[in-house]
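Quick notes on the structure that follows.
Just so it is clear, A, B, C and D label the chains in written order, and each chain counts residues from 1 on its own.
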Amino acid sequence: MSLTDRYYQVRKRSEQICSPLQTEDYVVQPVVDVSPPKWHLGHTTWFFETFILKPNFMGYREYDPDYNYVFNSYYETVGARVIRTDRGNLSRPTVIDVYRYREYVDNAMIEFLCHEPSAEVKELLELGFNHEEQHQELLYYDIKYILGHNPLFPAYDKHYKAPLFEQGEAKMIGIAEGVYEVGHAGDGFCFDNELNRHKVYLNAFEISRLMVTNAEYLEFINAGAYADFRFWHAEGWDWVNTNKISSPLYWHLIEGHWHYYTLAGLQPLKLDEPVGHISYYEAYAYAMWKGMRLPTEFEWEVAAAQFNWGKAWEWTESAYLPYPGFIKAPGAIGEYNGKFMVNQKVLRGASDATPPGHSRSTYRNFFHPNLRWLFNGIRLAR
Amino acid sequence: MSLTDRYYQVRKRSEQICSPLQTEDYVVQPVVDVSPPKWHLGHTTWFFETFILKPNFMGYREYDPDYNYVFNSYYETVGARVIRTDRGNLSRPTVIDVYRYREYVDNAMIEFLCHEPSAEVKELLELGFNHEEQHQELLYYDIKYILGHNPLFPAYDKHYKAPLFEQGEAKMIGIAEGVYEVGHAGDGFCFDNELNRHKVYLNAFEISRLMVTNAEYLEFINAGAYADFRFWHAEGWDWVNTNKISSPLYWHLIEGHWHYYTLAGLQPLKLDEPVGHISYYEAYAYAMWKGMRLPTEFEWEVAAAQFNWGKAWEWTESAYLPYPGFIKAPGAIGEYNGKFMVNQKVLRGASDATPPGHSRSTYRNFFHPNLRWLFNGIRLAR
Amino acid sequence: MSLTDRYYQVRKRSEQICSPLQTEDYVVQPVVDVSPPKWHLGHTTWFFETFILKPNFMGYREYDPDYNYVFNSYYETVGARVIRTDRGNLSRPTVIDVYRYREYVDNAMIEFLCHEPSAEVKELLELGFNHEEQHQELLYYDIKYILGHNPLFPAYDKHYKAPLFEQGEAKMIGIAEGVYEVGHAGDGFCFDNELNRHKVYLNAFEISRLMVTNAEYLEFINAGAYADFRFWHAEGWDWVNTNKISSPLYWHLIEGHWHYYTLAGLQPLKLDEPVGHISYYEAYAYAMWKGMRLPTEFEWEVAAAQFNWGKAWEWTESAYLPYPGFIKAPGAIGEYNGKFMVNQKVLRGASDATPPGHSRSTYRNFFHPNLRWLFNGIRLAR
Amino acid sequence: MSLTDRYYQVRKRSEQICSPLQTEDYVVQPVVDVSPPKWHLGHTTWFFETFILKPNFMGYREYDPDYNYVFNSYYETVGARVIRTDRGNLSRPTVIDVYRYREYVDNAMIEFLCHEPSAEVKELLELGFNHEEQHQELLYYDIKYILGHNPLFPAYDKHYKAPLFEQGEAKMIGIAEGVYEVGHAGDGFCFDNELNRHKVYLNAFEISRLMVTNAEYLEFINAGAYADFRFWHAEGWDWVNTNKISSPLYWHLIEGHWHYYTLAGLQPLKLDEPVGHISYYEAYAYAMWKGMRLPTEFEWEVAAAQFNWGKAWEWTESAYLPYPGFIKAPGAIGEYNGKFMVNQKVLRGASDATPPGHSRSTYRNFFHPNLRWLFNGIRLAR
């Protein structure tokens, strides 16, 4: 695929994800982890404008200097922010303004891409594509949160289908003790946190072929495990009690029957589907209760060829830390991954919100252990 | 004016106030005291539906039972709220949905008003009109806050004119000691907190003919009074330091020149205009610094005939408390005023955001002493 | 009594109050409103050292300049505070150090008082005596809180007797409409907030001869009034729910029987005693539930000659505001009262913790409406 | 050494550490991470009473059942806590009460140890000894915090000597790539978190022979690194800005000269001493600024034989996670370590507050990354 085609494809996909939304849905930010959809659309545009067009496209005229305050995210390197305001408080730029901004930058990019860019710029482009794809995944999380926390429970798309999943007997896969190589190999794109490929020593272990189901998780709930400190980390126990957690996010007990909110609206809970929207604390407690544990990210990576993965991010026991020889890129791009490498847990796999072609068995996703709005699940090991 | 005409006039005015807004402006809630404009439009409609149509209009069919959760405000009497969520997180009902709701209820109300209602219903109607007028005033405050806290500083209406104000020499008006009557008199509408009319004993006092100007307030700023504890209440001093307050709300020092945000956009500060958007703490500190004080609400009411008032709410020294013989109405309507009678200060007057015909010299407005987003000002006494 | 005798008597009384304490009891600060007893002992000493000895006693040598950081309270005028630390974190100066400080200052004061001081100094001395008496009252509140919130429920003094109270039929006293004079009269000491004596106009009212009893308050509890929003201010309702309040402070339901913690230890609740340790919010809600109200401070003062008062501070409906013509004294002494005149409620009367001779019918005590650790009660009016 | 001698030695050492304290120093809790010294003395006693005496010493009579509420720490298994109160608010039991409690339990323990206990009890005893030794280390941290945050800066012991440290050229030690064994080996005591001994694969790395000094750390400060986001984790950057951190804990810039608080009192900063009392965030930022990194806990353990360690805990890059095959013990003892294995960082080494004989090169200490009151330091790797 040409660079122009790839650019066009990535950019249009973000807009397609937003196409079922009402204008108002683009604006709100119910919790700090969720961003308004219009912010995602603007921020990904700002990335191409700031890192590709402004430094590399001679004669390019910035769309609006104020947008730097509005659509910059965590990039401390690029400009000061004059007014500190929460994203969810900004009614302007309007949704139409943001689409105009996208159009303006897209036109400039298409023009810019008429000439073969340098290798360095191509690398930044590839990062920009993957960056926008990451925000596409977040768009699904955030849209689900925004609509799923509205008392009217509006559907995102009444015909949205839950991902297919594997059923059957949950046999364990055995992996032998030894030295294994992990981390990204080959010439394809990867994020800096997947490098360098390196050796790890693994003890023998077993990992489940299947994900934990809603039916299995209900047993954990019905056994009273949310009220039994023995299965929880001290921090998890505090989290459960402070937030009065007693079931996964989006679950609602309505007249004695469990329902859950999906992108197609509120539905009766399907027992044979994999459980989702649980925190790391809950995944860990479930594993404790089962007398098992979560896999480490390296166990997962080594075993991944032997099971089907990819419709939910799987919590691992691993903390998000640098690989041997990890080096932060200089400048704003270097802020991408390294600065988050403390107090977060690695998730492996991919979800049904992950863009096609965006997943790899070496991909390291990471979130704080209390977060539940991402599309996740549990695979056990021992 | 017929009841139908009065109804129509009040209802349209709310929509006219919102007519310059973009859809997105209707949705956000930057701080807890501000409500999204679409909430005001829905809540005032809910008032007529709940208190007039449902109990009194036979055959009326509720527009949507879920709207009770969304548009109920502080009325604990009327139904439980299933999902506790902040107003600013609700993208649905959309703005168009809310206008449809208004249209539906308006049509029913017009039909209902074809027959002369009972005296009791007329009283509720009058309360509904005044209730909506209060929300019209809040709409101005909230819209100004939403746009004035956006880094793009969009104007509400580029042609919006600041209210006329009286200039000249700030002579003091003297009032003699004695027993005076205060509180609402006559047959016209008033809120329950203006009753009963009763006698108060006032010592001799003087009150200023004019409001404090920006120029005068700048002297207070330039004298370092924001950093001098002697002029402040202990709570005011904490408030100044915790929130790093050093000028009125909406003031911005840009390259050495004071500007302020108005509904017409950001403008150079006009020195001869009355100062506005200050907290009670600041009004009090200014008065201390001047060696004067704020009037009590009764001093204000007794003297009001002798000066021009009405383009800004004036902080008084009085706490918001019940008048002798005050009785809360039974039921949800009784929650209107009485339950706020602690820890708030009375403001007297009216602002340029006050609907025509909504002001009275006996009107008791009230806010917490730290609030600044209302349209207010300072008149001194001694 | 000579000034020396009066000085000696006041100072010794503070130490007598503390005599049953263990060293550890002097140190802790369980909540922000409570001060450690050793702080009271040091702060009252600091008052005499700072305002009498240092400016007036030639050759006086300050005991320890660091003590200014430790024992200054809210006096912003006197010196900066280098290290901001909570009183309850300070293990040093030790209790013995504080008693040595008292002894040093007392010796200097006795010597200073050998010569008749100036009228101005005498006025400050009188303020110092009354200041220390106020802290004696707070010592009882704070000691009770410290011991009463310890899981071992230690007694302050096993032989401590609850105050005598009047029983009998709770007849109402009627007061006629008219102009009355309130505020301090005569030559005796009073605080600045009791001045100036001035006229007020009162409507006819009735006020109860007796305080509300535990038995009567239990009816309120048993009627479910803590869970019925109708009786509460909006802020009171929030306070009840946020803090899960369902009975007065120090009440404990143990195996179905109400007990309460007294300075003599935990005891079964005595039904005929006046209810105490309730917030203004609770006092107000009780009055609402009874179909009555709290008196204003002026009603109370005018009627006070006709009932027995003095064993509990009585919440009034009045906000704590300046009297007509109130003027703050210049300098640090001026910080005494005026700066608290916002968001507090007036209590009238006196408690069994009030030092003998410290009470007056014009005395204005004041606390925030949520506070309960003071010795208070409820008298109804209508 | 006999069990009785070992018991006696451990128990006396706790009391010796506290011997320079004033009674008041035993009581306060300036921040949540610090416990009052008397609580440490009581809690370690409660451990022997609860886990040794009550289940194993027939006829033993519990000293005071209420002490379970007071001296239980994080052991959810053992009894409910009736009154939730902070440790620093408890004036009772007094210090003398706690020493009496120690004496009572010590006498019972000495009697109990007259007979050879079972192997299982011996294991618990060994855990009890090590548990008390851990609290001895915490006693030093907490005492330093209590005295070092007092505006009078009292010394713990004027003759307290800073630990000796190695000086000279900071050469790097090289370690070859390969498979290494880590974790506790042999029969001696270790905590459950040091098991199982297992293989890890390490890449080649270098580690510094010496700790970072105050002089080196001052360069980092003087280079403005506390104000340069590039060296910090995103969370570290928030922490620095929220808490206005600009130097290590206990450092004070007094009239242009750096001082620091030591257990011997406030002293001029000694440039050649190792820097201490820094958070993991600061240790990481320092390493980034130097173009190096912190070692992992396994690198540290493998290299430890080649450098002198043991006068400060050294932050590692490793998260605190279970070793392969880690199993929590059943019951209350199982709450010891496993439940903290999330969001904490491992420190290796030992400090001058570590009891003699308590350190091992496999010992895994752990703290949250923001904590600074422990005795720690920085060793670099690359």
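Observations on the structure shown:
As a convention for this text, a contact is a pair of C-beta atoms (placed from the backbone, for glycine too) under 8 Å apart; a residue touches a chain by one contact, two chains touch by 3 or more.
The structure displayed is predicted, hence computed values, not measured ones.
Contact with chain C and chain D alike is made by no chain in this entry. A centroid comparison over C-alpha atoms places A as the chain most distant from chain C. Put simply, the C-alpha centre of chain B and that of chain C have 36 angstrom between them.
Chain D has its Cα centroid 57 Å from the Cα centroid of chain B.
Centre-to-centre separation between chain A and chain B, using Cα means, comes to 44 Å. Annotation for chain C: no residues touch 2 or more other chains. Pairwise chain contacts in this structure: A-B, A-D, B-C, C-D.
Looking at the complex, you find that chain D touches chain C at residues 22-30, 66, 69-70, 82-83, 85-86, 88-95, 146-147, 149-152, 154.
By the touch criterion given at the top, residues 74, 76-77, 179, 198-201, 203, 205, 229-230, 232-237, 280-281, 284, 293, 317-319, 321-322, 324-325, 334, 339-343, 345, 369 of chain C touch chain B in their complex.
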